[in-house]
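Here's a structure for you.
Going by the order they are written in, the chains are A, B, C, D, E and F; count residues from 1 in each one.
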Amino acid sequence: MDLESKIHNARTITTKAVFPGEANHYDTLFGGTALQWMDEIAFIAATRFTRKKVVTVSSDKVNFKVPIPTGSIVELDAQIVRVGNTSVEVSVDVWKEGMFQNDRVLALKGNFILVAVEK
Amino acid sequence: MDLESKIHNARTITTKAVFPGEANHYDTLFGGTALQWMDEIAFIAATRFTRKKVVTVSSDKVNFKVPIPTGSIVELDAQIVRVGNTSVEVSVDVWKEGMFQNDRVLALKGNFILVAVEK
Amino acid sequence: MDLESKIHNARTITTKAVFPGEANHYDTLFGGTALQWMDEIAFIAATRFTRKKVVTVSSDKVNFKVPIPTGSIVELDAQIVRVGNTSVEVSVDVWKEGMFQNDRVLALKGNFILVAVEK
Amino acid sequence: MDLESKIHNARTITTKAVFPGEANHYDTLFGGTALQWMDEIAFIAATRFTRKKVVTVSSDKVNFKVPIPTGSIVELDAQIVRVGNTSVEVSVDVWKEGMFQNDRVLALKGNFILVAVEK
Amino acid sequence: MDLESKIHNARTITTKAVFPGEANHYDTLFGGTALQWMDEIAFIAATRFTRKKVVTVSSDKVNFKVPIPTGSIVELDAQIVRVGNTSVEVSVDVWKEGMFQNDRVLALKGNFILVAVEK
Amino acid sequence: MDLESKIHNARTITTKAVFPGEANHYDTLFGGTALQWMDEIAFIAATRFTRKKVVTVSSDKVNFKVPIPTGSIVELDAQIVRVGNTSVEVSVDVWKEGMFQNDRVLALKGNFILVAVEK
C-alpha cells in the first residue's frame, strides 16, 4: 500500500455526547478530558498507520477557545500529518455541535507525536 | 434540507480501543458494553437527524458472532434506516480490527428505535 | 443437584440507585446502560447455573416502556428460563421504584442467550 | 405497614462480578471498593425503610478476612438491624463465591448508621 | 533509614475536586466514595513505608460529621501512626474546603490497618 | 494575604496508584490520562489561588520521557508560576516511583494557563 493510501486509511473519527458524568460543576467538559480523548484517538490513528505498538512521546500546545457545555455533541477527527523514521505526527481536530441545532464549530485542535516501540 | 441530505448528515462514526478496564476477566469486551456503545451512537445519530430530544424505545435482537479481545480497535457506524412520524430507526454496525493487522470484520449489528419527546 | 434446584440457585438479584454520573443530560438513565446492567446480571446467573465460562451470543428485542429518572432505585432479577445442550436463556426483569414512595413497576425486560465455552 | 414488614421489605440484595477494572494490580478487589459497595447498598436499604432522604453518619469497624480475587462473584445483603428516632442501623454481609465452584463464604461484614434529613 | 524518616517519607497527600459524576442526586459526595478514597491513600502510605505488597485488613469506625457538597475541594492526608511486626496503622484525615473561600474544616477521619503479604 | 503567601497556599499535591483500569493493554498509563490528571490538579491550584471560577485556556507542549507502568505510584505537584491580570500559569510536575523501591524520577511536566470567568 502506498503512503497516501496508508494515511487515508489511518484517519480516525470518533463522536461523543457530553453527559453530566464527564462535566465539572460548571456544566462544561473538563479541558483535561478533551486532552485525554484527543490522545486516545491519536493513538488509534497512529496504530492504524504503523500497525505497530506505539506510545505518545509529546503533545503540542493546545488552545481551548470554545467551552463545550453538557449536552453537546463532540466529533474528533485524527489525521496523520507527518511521517518520520520511527515517529508519526497526528493532528486532532475537535468539533463541537449542539443537540438541537447544527452550529458546528472547531472547539480546539492539537498535535501529538507517537513512536513505534518494541512489542 | 431534503430527507436524503438529512440522513447523510446524521450518519455517525465512533472508534474505540478496547482496554483492560472495559474487559471481563476472560480478556474480551462485555456484550453489555457493546450494547451500551451501540445505544449511545444510535442516540447521537437520531439526535442529529431530528434535532430534537430523543429516547430509545426499543432495541432489536442482536447476535454476537465474533468475540472482541482486549487490544482490538472497534468502529461503530450508525445510519438512519427508517423514518416514521415521531420515530426513527437506526442501524448500528460494529466493526472489529486488530491493532497489528487490518483484519476488519463485522462483529455484530443491531437496530434501535428512538422517538422524539417534548423537551 | 437436580435441575430445579440448580435453576433456583442461579437466580440473581441486583439493586442499584440511579445517580447523575449514570444519567444523560435529560436526567434519565441511558437505555444502553440498562442493557449493560441486564447483560451483566444475565452473565452472573448463567455462570451460577453452568459453573463454566460463558459468553453472551444474543440478546432479544427489548422494549423500554418506562423512563427511569435520576434518583430511582432499580432492581434487576435474572432467572434461567430455558436450558439447551450448551446454551442457557436468561430472562431479566428490570423493576423501578421511587426513593420516597414504593411505586414499583416493571420498567423493561429482556432475554439473553449465553453459551459455555472452553476455559 | 407494621415494623416487621417494613424491615422485611427494606432488605436489599446486590450481586456483582469482580472484573479487572475494579481490581488492583495484585488482582484482588480493593478494600475501599468493598466499603463503597457496602455503603451504597446500606443507603438503598435505609431509603426503602424510611422513604426519606438519608445520609450515612458513621460506619463501624470492618474486618477484611478473605481476599476477593478478580473473577469472583460477590453478593451483598443489607438488612435493617436497629431503628432509632431519626436513624437506622444497617448490617451489610458480603458473600464471595467463585465462578466455577460454589464455595460461598462470608468475606466481610459491616454496620452503617444513616439518618433521615430534610429533603 | 531510621524509623522517623521512614514515617516522614511515607506521608501521602492527595487532593480532589468533587464533581457531579462522583456525587449522589442530593449533590453531596457519597460516604462510600470517601471511604474508598481513604483506603486508597492508606494503601499508598503503607506501601511507601514498607516497600512491600500490602493489603487492608481492617478499617476503624468512621464518623461523617460534615457533608461534602459538589464543587468542594477535598484534601486527604495519610500518616503512619503505629508500626507492628507485620502490620502498619495509617490515619487518614479528610479536609474539605470551598472553591470560593478557604473555609477548611476536618470533614472526617479514619484509621486503616494494612499488613505486608508475600509478593 | 500577600502574593507570596497566596502562591504558597495554592500549591497542590495529589498522589495516585496506577491500577489496571487506568492502563492500556501494554500495561502502562495512557499519556492522555496523565494529561487529564495534570489539568485537574492545575484547576485546583488555580482555584485556590484566585478563589474564583476558572477554566483552562491552554496547555503547553508536554514531553512524555518515562513510561509509567501499572503498579507505579504517581505524585503530581502543581505550583503557580506566573500571575497575570485575569490569568494564572500553573506548572505541574509528575513524579513516578515504584511500589517496592523509591526510584523517584520526574516522568513529565507541563504548564497550563487558566483564566477567571464570571460565576
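Definition applied: contacts are C-beta pairs under 8 Å (C-beta built on N, C-alpha and C of every residue); 3 or more make two chains touch, one makes a residue touch a chain.
Keep in mind the model is a prediction, meaning the values are calculated, not measured.
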Co-neighbours of subunit F and subunit A - touch as defined: B, E
Other chains in touch with both subunit B and subunit D: C, F
Candidate from A-C, B-D or B-C with the same interface as A-F, over half of contact pairs in common: B-C
Residue-number overlap at the subunit C/subunit D interface, same or different (half cut): same
Chain pair with more C-beta contacts, B-C versus A-B: B-C
CA centroid of subunit C to CA centroid of subunit E, Å: 35
Distance between the centres, which are taken as Cα means, of subunit F and subunit C, whole angstrom: 40
Geometric centre distance via CA averages, subunit F-subunit E, whole Å: 20
Contacts with 2+ other chains: residues of subunit C: 17, 20-21, 24, 40, 43, 53
Pairwise chain contacts, counting only pairs that touch as defined: A-B, A-C, A-E, A-F, B-C, B-D, B-F, C-D, C-E, D-E, D-F, E-F
Partner subunit C, residues of subunit D touching it in the complex: 9, 12-17, 40-41, 43-44, 47-48, 51-53, 73, 99-102, 119
Residues of subunit D that touch subunit F when the two form their complex: 20-25
In the complex, subunit E residues that touch subunit A: 17-21, 70-71
Contacting residues of subunit B [partner subunit C, same complex]: 24, 26, 28, 30-33, 35-40, 43, 53, 55-64, 67, 112
